[in-house]
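As written, the chains take the letters A, B, C and D, and residue 1 is the first residue of each chain.
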């Protein structure tokens, strides 16, 4: 398998506003899509946004080789994402992809995916991928409130979905890690994949260690290049400071030295 | 097709476009995007005496038309470079220059001696912007006498082309340029990053773990261009110019100000193909203006 | 509504937002756009001993997130200021500070003495970035001993609040800050413009008639913020911070870094109402964060 | 009469592409238009154009108090104007106006207007204005080539129009100043108003002096503020260095010291 990185002008072929803070872009590639693995990300150039100098990283949300499209799930945070939210079908977007490593292929069927906020982005692609491997994971996803809960049907196609909302307006009330699934004495999983805010991932990692479950997390970091040359995005690991954009974004928690 | 080649202290660069240290890795990450053989040269990232972990996270802050970094010379040391990296890059079809750093004169000398043995490395670029541990953290590159000393000591052991890269955080860049030429530098490179800072007002904390960091990108281009011009008038060695170059027009500004070659830095992060596009853009400019060779642009600014 | 007032060396500013010299004229051009009385203070443009025509056209070049200027202290001299300008601005309902410039120590002293007599001007800001004719064009503001001398001589004749505005084009901004405090400065203002240059590649000429000029705007903010932070740790007098402030967030960054007040410069050109919007934005920030008085922000950067 | 300067969000209510390099924007003011005089200009904020930091100055091309609109005639030069060319009806534009002085009211009916390139912009407004004063000027306008010749019918409503093109594809061939109207021994004008490239204005000024005709020119200059505070836009006059954005852009040639 080859992982040639590309810089391409993708065409916006779909725009779905999930809720006021989140939207999904569907992007059509001008040539045959490269092989993309779950957990990989793209670096997006935000043209026409004066305060956005560097590219912005987003996980690949889904890949559709038949339509030759990828999708990104984007949360509006600052100028760059605000600007992307104004894109329309037909616009083009300069994207560097696929970048980073990927979630590992599990050697077990007892798989749990945990995602919070825009951290759910790579998990849809991962569940599709697991589905192809005949694995039906459990998926716990956390949202702020009912109106932000989205794409549950899509996840349900590939796994058993559990929802939390901070305010309890849908699913269980509380943070993802407060979900009752984690309260059991013995968690029925041999592998956890997790993506979300730092604090959440650290809690999940603690739980995983406690229950002796293998666990991979997808880290965020401030990135300048996204392909390994600037050394701005490091995280301390058992091999020293490693690049989140090349050796990551996915790390096994055993390798991380969380600060 | 105009003649794009330039001669820098006896070394022939097929064109004046090279890449800046710390922004191009060891070149290998770029092979997905460009043919490195199309560049005049590449400056690989800083090599120090021993392994360095660099600074803690976060190391980057975006600023208006620029960025701050506090990578802190993360690298695996000169041994590792000679053993593991050199074999991979020694056959690139371009001039490969090694950026040499240290915290003491001895460290610079040690690294330079080791690199001197590598056949396919025709030159080194001394990065004298690093804080000098013996001088209480003051950078070598800000005190002319120290700059002369470190250059001279390296000159004594290094037999090929010796370039010295200057820090812009000084009152008089020409004093520093003269100082390193006195010490035996064949070429001066300018500029390194400006010292800057960014604050997160929500957390009321500095964005960088190191509080301050190095500013690069188009924001610094006017300062870089001014320094190249000043040094061009003050010393008689070739200059390699950089600082905020994003396109061929920017590159040509540096040539006109007196640079014999240029380096592309931060722009590589945004468009990894930009260096090759700049080669093409310079060629197009020369053709449009009916100029036969790029060397006719060097220092050709009209100020009368 | 939080308490926005700040005390700077005994002067009360109703809020920390003021306007930078050379970017606000004498205030009168802004009365179409804002109520000047809402500002903490205004710094009017440089006054010199005699009439100056300034530099030849072109005087301006746009750069990435910034601009270069080479206005060159155009003004009609201190006589004209006292006679014609002062009567028009003396009753503004805000602190009016006069920016004082010169090419010799004697000129600074002469202007300061004259301004000292103007009842409604509570302070002056010495602009020591100008080239010193006796020192061969080297700016007063780049040599600590010269900076001390010019400050001391002015201090001898000037009885109200003496602010000194520093140039960022130096190796050690803290050395300069200490030098002017030694000379008797009550307050330091930083930063003035960075020296830069722009080239028109089509004409192969510098864009500015003076070749180099002063860089201002958001491009320089990281450098300005770093210098404010360094000086805040090094000296014990109030600091007025500026350089690239475009909005309330930028202003708050400067306060956190240690500035007791800020100046809005180039941003005035783009939005003449921006200074008042920044006052409102600081107020909103304080309310959001439940901070009662703006002075709690000054130097409150958390670095532990 | 009061000349309060304003900063307003104007709405684009019309967009006319005259030719590949020129377009006209019609802009609706949110409040009653201030009094605007011919020769005055506006400073336009180009939002969303990363390389455009400062406002861009454009002459007021026409004013319609009944519709409460102004129009700008814009030539595409660099990033800023390229970006403005992409505006659409309904977009809004932040504009500071009216700025600068104005052409003087003539004391004669023998008036000649001379414009070249986008220097024609203020002349349409000026001819309307003269029309209201019962003056029908002669108007010489120069263009590069036939396809750039535009708005001739509009000018014809207010004056007698003479056209030149650089390549002779319409009207007389050559520069504006080559037009036969200038070849007469005695030019039948008592006042000339001129706007265009520097070289053109200098030639017209020379002709005017030769024929002892009073002449006003509208200067361009690099501007940072446009309202008199930065002193970046000066031109040497009999009173020293004066600001093109306040004491100008219109100057009587007797007052100028052309470099």
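Assume a contact is a pair of C-beta atoms (placed from the backbone, for glycine too) under 8 Å apart; a residue touches a chain by one contact, two chains touch by 3 or more.
Remember, it's a predicted structure, so these values are computed and weren't measured experimentally.
*Asks:* Let me have the rounded angstrom distance from the C-alpha centre of chain A over to the C-alpha centre of chain D, please.
*Replies:* Whole-Å distance between the two chain centres: 55.
*Asks:* List the centre-to-centre spacing of chain B and chain D in whole Å, with centres computed as mean CA coordinates.
*Replies:* 47
*Asks:* Which integer distance in Å separates the CA centroid of chain C from that of chain D?
*Replies:* Computed value for the inter-centroid distance: 36 Å.
*Asks:* Give me the residues of chain A that touch two or more other chains.
*Replies:* Chain A, residues with two or more chain partners: 50.
*Asks:* Send over the residues of chain C in touch with two or more other chains.
*Replies:* Expected reply: 63-66, 217.
*Asks:* For this assembly, give the contact graph shape among line, ring, star, complete and other.
*Replies:* It is a ring, because the chains touch in a row that closes back on itself.
*Asks:* According to the definition of touch, which chains form touching pairs?
*Replies:* A-B, A-D, B-C, C-D
*Asks:* Name, in rising order, each residue of chain A that touches chain B in their complex.
*Replies:* 4-7, 45, 51-55, 96, 221-236, 240-241, 246, 259
*Asks:* Applying the document's contact rule, which stretches of chain A touch chain D when the two form their complex?
*Replies:* Checking each residue of chain A against chain D gives 48-50.
*Asks:* So in the complex, which bits of chain B are touching chain A?
*Replies:* That would be residues 22-25, 29-30, 32-33, 45, 51, 53-54, 56-67, 69, 71, 74, 217, 266, 268-273 of chain B.
*Asks:* So in the complex, which bits of chain C are touching chain B?
*Replies:* 63-66, 68, 142, 169-172, 194-199, 201, 203-206, 211-212, 215, 217-223, 225-226, 229, 244, 249, 252-253, 256-257, 285, 300-303
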